[in-house]
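The letters A, B, C and D name the chains in turn, as written, and every chain counts its residues from 1.
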Amino acid sequence: MTETGNSIGWSREEMAGRLAEDIPDGSYVNLGIGLPELVARFVPEGRELVYHTENGLLGMGPSPKEGEGDPELINAGKRQVTAKPGASYFHQSDSFAMIRGGHLDLCVLGALQVSRAGDLANWSLGGPDDIPAVGGAMDLVAGVKSIFVITQHCTKDGAPKLVESCTYPLTGLRVVDRVYTDLAVIAVRPEGFQLIELAPGVDFDLVQERTGARLLPVAETTSHV
Amino acid sequence: MTETGNSIGWSREEMAGRLAEDIPDGSYVNLGIGLPELVARFVPEGRELVYHTENGLLGMGPSPKEGEGDPELINAGKRQVTAKPGASYFHQSDSFAMIRGGHLDLCVLGALQVSRAGDLANWSLGGPDDIPAVGGAMDLVAGVKSIFVITQHCTKDGAPKLVESCTYPLTGLRVVDRVYTDLAVIAVRPEGFQLIELAPGVDFDLVQERTGARLLPVAETTSHV
Amino acid sequence: MIDKRAANVAEAVSEVFDGATIMIGGFGEAGSPIELIHALIDQGASDLTVISNNCGSGEVGLAALLKAGRVSKMICSFPRTANSTVFPDLYRSGRTQLELVPQGTLAERIRAGGAGIPAFYTPTAVGTPLADGKETRRFHDRDCLLESGLTADFTLIKARRADTHGNLVYNKTARNFSPVMAMAGRITIVQAAELVAPGEIDPERVITPEIFVDRVVHVPNPAHESALVAAGATYP
Amino acid sequence: MIDKRAANVAEAVSEVFDGATIMIGGFGEAGSPIELIHALIDQGASDLTVISNNCGSGEVGLAALLKAGRVSKMICSFPRTANSTVFPDLYRSGRTQLELVPQGTLAERIRAGGAGIPAFYTPTAVGTPLADGKETRRFHDRDCLLESGLTADFTLIKARRADTHGNLVYNKTARNFSPVMAMAGRITIVQAAELVAPGEIDPERVITPEIFVDRVVHVPNPAHESALVAAGATYP
């Protein structure tokens, strides 16, 4: 087992697939840019999910076939997408009424850091020369019923992303419900980080070693998010 | 000249026609229920006005022909209307965004009382057994750029409706710009009621006698509303 | 899989409980979900707070719900009606409370509730009796009132067409309060004159996206209140 | 009679003055009114405050306006772009100020401005650096920030179809900020790929009613920003 890289634990696709298993049938879901977008590929058999993209589309479908895209049909990552049967377009204020008003069931986001209280930092490194850019992240964490984070367990330099308290600028306070990493699935409980499931070949001690705050063992009865 | 009735001055239709002369071409106009609705019949030649009804239609047209109405195409007075070419339907919150946001040029309303400061009372007699009902009147006077009142100069009992200060519950403070009555056209200026024009056969003294506050004579240069 | 259809109006309103707050769409008869209201009368829930622009007419629809004694409080802008003594009697006898709200403020409070905005400031009603007890604050040299968002346990509305996911379009001025009430209801129940499969409504013209809708019931030929009143109908 | 057509884009933007606040529609390239922005570059107004979700890409459209040194302040949610160094250079050198606003708060502030709501409360951004200096108030056990409405002297947007009265429909996700910006602009200027007579847009599917629109100019084949950037285009 090496300290860096993804030679152990789940691949990106496996992380996305594992997260997708926890999305109930009929959910209205917003997927953040990057790794979260992968989740859409792994809808479990028999479930129907409806994807929202905050730039103004409910019922987002996959990328268009080569040559069939419309530069005015894009997702929040500014990539061309499609609209499924039953889709609808709406303006930004209506789109964020869905978000802020608590109408979305789940949002999946990336993270720079998650604290044991569930604080999320995912929009800025806070450097003096950084161009700050927030998009809809703060609205999403403030409004969506459940927030799942999907991220590598550690940074490329091996620093833990699950920490006692965030050092990067916050996106929201006490907003994260679960974290899906290459090593484990972890719930954010009032008592702190609690292990839900380990990736194959990974043990509790390894995850604890790579986590910047105390990790609680798997609960005997795992309550559902 | 009798104290009551309409045997002198303008008829209801003449009042509406006189008011209509003062509506600039291209105006977006909301007409209150009752006497104000008459104004729509008198659009001067060569002008195009667009009527808004706050229950959710811009581009309201006249009543439908017998048998061609739709009980779901009505105006704020709950009477069946039509939609003109270029019309649009929208929900209540959007409709009042037009009103509150200052997008309408003019609203024509009836009145119980108008004070010399421009306060309007037009929604309640304030009696203990009255069923209070306000509709959109308070939103209209708060949001529309110009408020014209069209009303008989006095009540059926001969009491002045233009008064020093209103005794009925207010619809809004300092909101009325002009008053069109059976006897005169009167502007509400910072200095008070100012006569703009007398109905045929009516003189200043008569209007003053039937007005519950001091009336200023016609200004030498009449500024436009 | 997503299928929000209820078998009938009775099933659609079956979860309404005593003491619930219910938004009911419509401006006058336009958009009033009469069949859902009648199902609610049959269902029996009482001590309701109803948020609706008017109080119905005759003794059908909302007026019949009031007459049945199920409504302890009305939040509306215009409770006077041409053809009904139902609400006036209840109000004068103190059996139904009234919170009178200017129509635009009512619409915006409902939208705010649905949009997760707890409160906003508006110039409407400053200086009037409807400002009594409300916080006033000055913005850009103008006094404004603080108004709170409104939400409901249930919303009952009428659409022209729905798909089985709950996407809606309305008919003309029957649209009125329904889109914002759909947003503000925890459970939004829709009666639709046409019920189609997802994809049969152009995504550019959906007025209420499915995310705001929980139950859809097909009511192919909805009654018009004015016709019922003219025919002297009463409910039940 | 009502006819809001401008002869060309130059005429459409002719009134813009130095120091004006301008809202510009679009999310990324979708809905960006490139031809109107280029006309604004030609027109010459400077010291502009621009409210737009992004800062453009390449050296066309909004990025070109920035590069031309006309913008003293940007109000936006996401100024980072994949294909541009224009804004970063201006920001780091202090030549263009930035007010960063969460995307949903930005949209709602614009809607509030257009709807005559001077301020509202929102839970978004509580506890973050973007809450610095903002009033906080608790509603229903939750802290919220007071946010103010935004208006503009001019709004520039792109529509798929307009009529000569100014009724608009949009194309797919190019709708984004345009309907609320149309409401919030004192003078709202629209470039439309199709221009038709009143009555040729179904009143049920009008997205922006004419009352919010002041000028309409026909731009039959609007450029796409990504295609211009890919081709290495610059403006002027």
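The definition used in the following text is that a residue touches a chain if its C-beta (ideal position, glycine included) is under 8 Å from a C-beta of that chain, and two chains touch if they have at least 3 such contacts.
Please read these numbers as outputs of a predicted model, since none were measured by experiment.
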item	value
Pair with more cross-chain C-beta pairs in contact, given B-C and B-D	B-C
Centroid comparison with subunit A (C-alpha atoms), farthest chain	B
Whole-Å separation of chain centres (CA-atom averages), subunit A against subunit D	29
Between subunit B and subunit D, centroid-to-centroid distance (C-alpha), Å	36
Between subunit B and subunit A, distance of the C-alpha-averaged centres to the nearest whole Å	56
Per-residue multi-chain contacts in subunit C, two or more chains	108, 111, 115-117, 122-123, 170, 172, 203-204
Where subunit A touches two or more other chains at once, by residue number	57, 83, 89-90, 93, 96, 99-100, 142-143
Pairs of chains found to touch, sorted by chain label	A-C, A-D, B-C, B-D, C-D
Contact footprint of subunit A on subunit D as seen in their complex	27-31, 53, 77-80, 82, 87-88, 91-92, 98, 100-108, 110-111, 122-130, 170-180, 207, 224-227
In the complex, subunit A residues that touch subunit D	53-57, 70-74, 78, 83, 89-93, 95-96, 99-100, 119, 124, 129, 131-139, 142-143, 169-173
Subunit D-facing residues of subunit B, complex	25-26, 28, 46-48, 50, 52, 57-59, 83-90, 93-94, 96-104, 142-143
Footprint of subunit D on subunit C - complex, ascending	108, 112, 115-123, 139-140, 142, 144, 148, 169-170, 172, 202-205
Subunit D residues within the subunit B interface of the complex	1-2, 111, 113-117, 163, 165, 167, 183, 197-199, 201, 203-204, 206, 209-212
